[in-house]
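Each of the next two complexes has chain A plus one other chain: chain B in the first, chain C in the second.
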Partner chain A sequence: MSDAVLTPSALALPRPAAVLRRRPLRLRGGAAYALVGPAVVLMLLMLIGPLCGVIALSFTDYQLGAPSFAWIGLANYQDMFADKTFWISLTNTLTYVVVVVPGSVVLGLGVALLIQSGTGLRAFYRTVYFLPVMATLIAMAIVWEFMLHPQFGLVNGLLRSVGLPAHGWLQERDTALLSLCVIGVWQALGFNMVLFLAGLVSIPKALYDAAEIDGAGGAWSQFRLVTWPLLGPVTVFVVVITGIRSFQVFDTVHVLTKGGPSKATEVLIHTMYMEGFEFFRSGYAAALTVVFLVCVLALTLVKARLTARQVHYA
Partner chain B sequence: MSRTIKLGAWPLLRHVVLLAGALVVLAPFIWMLSTASKPADEIYSSELHLIPHHFALWENLREAFAKADLWRYLLNGLIVTVSIFALQILIALPAAYALAKLRFLGRGPLFALVLFGILIPPQATAIPVFLLLHKLGALDSYAALVLPFTISVFGIFLMRQFFKTVPDDLIDAARMDGISEFGIVWRVMLPTAIPAVTAFGIFSVVAHWNDYFWPLIVLNSPQYYTPPLAVAHFRNAEAGTNYGPLMAAALVIIAPLVIAFLLAQRRFIEGITLTGLK
Partner chain C sequence: MARIELSAIRKSFDTTDVLRGVDLTIEDGEFVSLVGPSGCGKSTLLRIIAGLEQQGSGEVRIGGEPVDGVRPSQRNLAMVFQSYALYPHLSVFDNIAVPLRMKRLTTLERLPLLGRLLPNRYRVEREIRQEVEHVAAQLELSAFLGRKPGQLSGGQRQRVAVGRAIVRRPVAFLFDEPLSNLDAKLRVHMRAEIAQLHRRLQATFIYVTHDQAEAMTMSGRIAVMIGGELVQVGRPAEVYDNPRDIRVAEFVGSPKINLLPGQIRSDGAVETLGQRIGVATKGIAQPCRVGVRPERIQVGSGPFVGHVVHVENMGAEAFVHLGVEGLATPLLARIGDVRELPMLGSALRFGFAPDAVRLFDAAGKRIEAHAAPAAVRTLEVASV
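Our next item is the complex of A and B:
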């Protein structure tokens, strides 16, 4: 949150001098509590309460609609760790993250660098590459499904026309998860590109001139010596954001494969959804949620660590 | 010498690479438009062609609208996203003002809680919130779609950061004029914060228009379906038999946001990259 470069320009108002005078704010207790009251109540009801709730639930055998429930300690976790589906699900989720993060970060950075390296059609390219971020993913997933259609899809049609074998991309075990990864990269690329563009714009031009004077005139050495180090904080940020989002992958899985074929695309949130909202095993689903939460918070912590250590600023 | 050659070739190469990439990125959109414009016999042919021989977009659209009440779903999307945004502002703005400009006991811990709240992914609280709505008997309704999102800790954080930059003199002057603290939020702070509110609004509307997870969980009745749920349902009902109308329906569902985006790209990109801060 501290990355100043990422603050959209609309919000980056210059700090007026008056604020810096540090006048003691007057105590206005009554009014203040009335102002924060609704937010506090809703926060406890919809966010903090449920967060504690999900942790507590994971230690119970609660099932939706059951008249009673019991504390069963770590039994849900023991079941989970003994369940092959959980490990498949976790492995698939990690595979998805490990493919989508580098894929969309590298491509996003590449596109941003290419756009920034010239002046022509900048706005056009930015718009085109950003379009998938805007378009409703569920609708586009259905389009992808048709593009990947074994018989009438565009992808197989193109492959056949150059004499390559066709595949049932979403129906075959070996290609289903990979296909979802491709859709994931396609969707995340534009978002990362925009963040990198913001980062690139904020690099002072004087640094490139200085590098050139010092003999680093080539495009590659300029990238290696100036652009890449200065993009460090943005890159960490983009990697973590994409990682967190990839961990949440659900929409494409639910609408295209339902976790199949034979669990080849089963991912954490989909498993949690099935357990919690199809089989109504709330306690067990809560335990899955806790695992998901730990992964996401761990990523956030990594980011906090890295950004604290890396202080490359001009 | 070599430098001039490089300068000559580079812009061309840049365009070639970027255009090739753009073609790949746009392929699903082009294919959607192409399929939505084809009659069934052209869709189910092994010969690939982009431009339909017989232009059937209107027929496919008519069939999509006849098979699914798309207007209703678009209206649902509008009702849900606008209600969520309005309530988010109504609740977040006063809290953000108090956190930014008033001193009160518990301000520090409250702000820390807001920052912590930002880290919680929405899927994490789904089960307890679902159970709560179940207890309240509020499942399968507009309330179920809207209520959990009325509190946006991210909105509070964003507006608080913005309000910090508003000079205290402005607020003191308003107090001198006898405006209450509530009045200050709406009559002094809100007008200064229009750019931030707009950016947050775009972020919020796009996120909830496109949301699939939560409506899927809380809804049963088609009458409350939001656009993503509607198009997924349409697809399941057609079971891969009728791609023309399905692509036409998908086109209708993405159209409002895509058109709005094309009209105000800069604002949209600003608004959506706000999620980057999340």
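Our next item is the complex of A and C:
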């Protein structure tokens, strides 16, 4: 009986409600698209569009300034994988990343910890270590060129004064890439330090008190128990950002070595620049760009995966 | 288990004196609350006992041994923090296990991969597992051992923090405002739980709070700290009923004690609001303050008159705010029977018995007083 009473009202009720609800929903959808619109258009114009263009270009034999081009399929990629220069520059880039990322992350963390634990002159040290980040890298590269100069450079001068043999740091095959790595670490350290400092400040002081009470009195055990785990999210971010920036190394190479001596410092972006803007092989340069983008994308995916796994620290 | 003795503890940050010579002995197995308004130095005192802060001068002894210069972990005290201070990346199990692992495993054995290869670690880990599970069962945390602190409610986090304290069997427990992050209902519930915990463990508890209700309900003795000094130490009932200082009288008890301006006559009789109140003291003639707790004010009859300015009905009891001529703030009176509440704006007679009166001198120190002989009171009536 109660069913019989309920049914008509139950049938009648949803209809006005649905009518009432549907229109605002459609309106709200429209407003949502309108609000997202500008960002989507900009993204299509600035990111997705050029990306598709580059990928398309990598399947052509287009040369910069040429009136026409032809589709040549995967020929650029075949050329590339057969080219020794490509493999050298890929290996060099990876070597650079493998040295600069751990170097600048570990040193950045170390400096941040030292600054944080110190009492005075904090602002001074922060500024000193952050200077390379603010300075123009091209200008700084020229300073480094003087410092590393074989005859009158500061580095060789110091080595000679303690009786060690001098090197032509940027002119010798064994040391050229390593020298660039050192400059890379020097440049990235300050940025990483600032990020780590921000991370350190956000760790609650009470956790260190608790660690002290729980028996983790030493600096190392406190670092293992509190600092390192709580810096986890910052560390993932720092590693990925430094990785991506290291993949993009170009200015120091271009100013100091131009990829030499005999391709010892040839890196991906420099090869790309040479092919695209010196030899005008735009299609081939586009193929190199695609390889570069794949490397960066891989790093970004690793970061997304790791940050998704991080717990929310409440 | 241990007796904790503090003698002449002083501490200053820069130029501010936070502690000005604190002496306190806490007996083995006692529950002592350090209570006082915020900024009175009670947390600093607790941190000095824990070893997290160094005292400027004075001595801390735990179990008869001076512990100055002894690291916090070596003092074998456990502490529960206001923010719980749980390690957010560790599960509940690992959080509780931290003190045991720190004590029983070497740095090498604690290493994530290498440590597992060492033979001792397996044996110790098995012991630790048993003890952690035992503590978790006591605190009804067994179902949450795998969770991270972020996935727990405030009350559960609180219990994990307590678990981490219990598991190491410390000589004393230190609580630093552990309930202030909880909502009112849960706070009352946790109050009972902590009191029960103390009865079960029979351990020394030092409990810091700014909430006098917490201190009154849980502890065996309360130590009222104001302005870096211990003003009064005693059983809760004694401190409530017999405050030695006007600041103690005002701080302990909710709602606050009523303070009326008064005058001591040269014959020892006490007057307030122009009337003698049947109390006599030996003191010399001087102005004084007359303290009467809201529940000791008798409404309906008496020598004084006030106007009802506000009525707070709490359900089981009610508080009437009476505007009285000559008083800057309304006087509070408790009414036990909420069915007979006075009308707002109506005039109400009130009075109080002589034994409800606590007298304080102008400096805030307590003046001993007693009920005046009946003859004096008769005289007083005659003179009116």
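Couple of notes before you dig in:
One rule holds in what follows: the second predicted complex is superposed on the first by the 265 of 314 C-alpha atoms of A that agree within 3 Å, B and C clash if a C-alpha of one lies under 4 Å from a C-alpha of the other, contacts with A are read in each partner's own complex, and residues count from 1 in each chain.
One rule holds in what follows: a residue touches a chain if its C-beta (ideal position, glycine included) is under 8 Å from a C-beta of that chain, and two chains touch if they have at least 3 such contacts.
None of these values were measured; they are calculated from a predicted model.
In the superposed model, A:D61 lies in contact with neither chain B nor chain C. Once the two complexes are overlaid on the shared chain, A:G190 sits against chain B while remaining clear of chain C. In the superposition on chain A, A:L207 makes contact with chain C only, not with chain B. When the two complexes are superposed, the chain touching more residues of chain A, out of chain B and chain C, is B.
After overlaying the two complexes on the shared chain, residue contacts for A:D79 are found with neither chain B nor chain C. Residue contacts after overlaying the shared chain place A:V226 against chain C, while chain B stays out of touching range. Of the two partner chains, chain C is the only one touched by A:G215; chain B is not. Chain contact summary for the complex, chain A toward chain C: residues 204, 206-207, 209-210, 212-217, 220-221, 224-226, 229-230, 232, 311-314. Within the complex formed with chain A, the residues of chain C that make contact are 47, 50-52, 71-74, 77-79, 81-83, 85-90, 98-99, 102-103, 107, 110, 148-150, 164, 168.
Residues 1, 6-11, 13, 15-16, 18-19, 21, 23-29, 31-36, 38-40, 42-43, 45-51, 53-54, 57, 64, 107, 111, 114-115, 117-118, 120-121, 123, 125-140, 142-147, 149, 151-152, 154, 157-158, 160-161, 186, 189-191, 194-195, 198, 237-238, 241, 244, 247-248, 250-251, 254-255, 269, 272-273, 276-277, 282, 285-286, 289, 292-293, 296-297, 300 of chain A are the ones that touch chain B when the two sit in their complex. Taken in their complex, chain B has these residues touching chain A: 10-11, 14-15, 17-18, 21-22, 25-29, 31-32, 35, 43-46, 48, 91-92, 94-95, 97-99, 101-105, 107, 110, 113-115, 117-121, 123-132, 134, 147-148, 150-151, 153, 156, 158, 161-162, 164-169, 180-182, 185, 195-196, 198-199, 206, 209-210, 212-213, 216-217, 227-229, 231-232, 235, 240, 243, 246-247, 250-251, 253-254, 257-258, 261-262, 265, 267-278.
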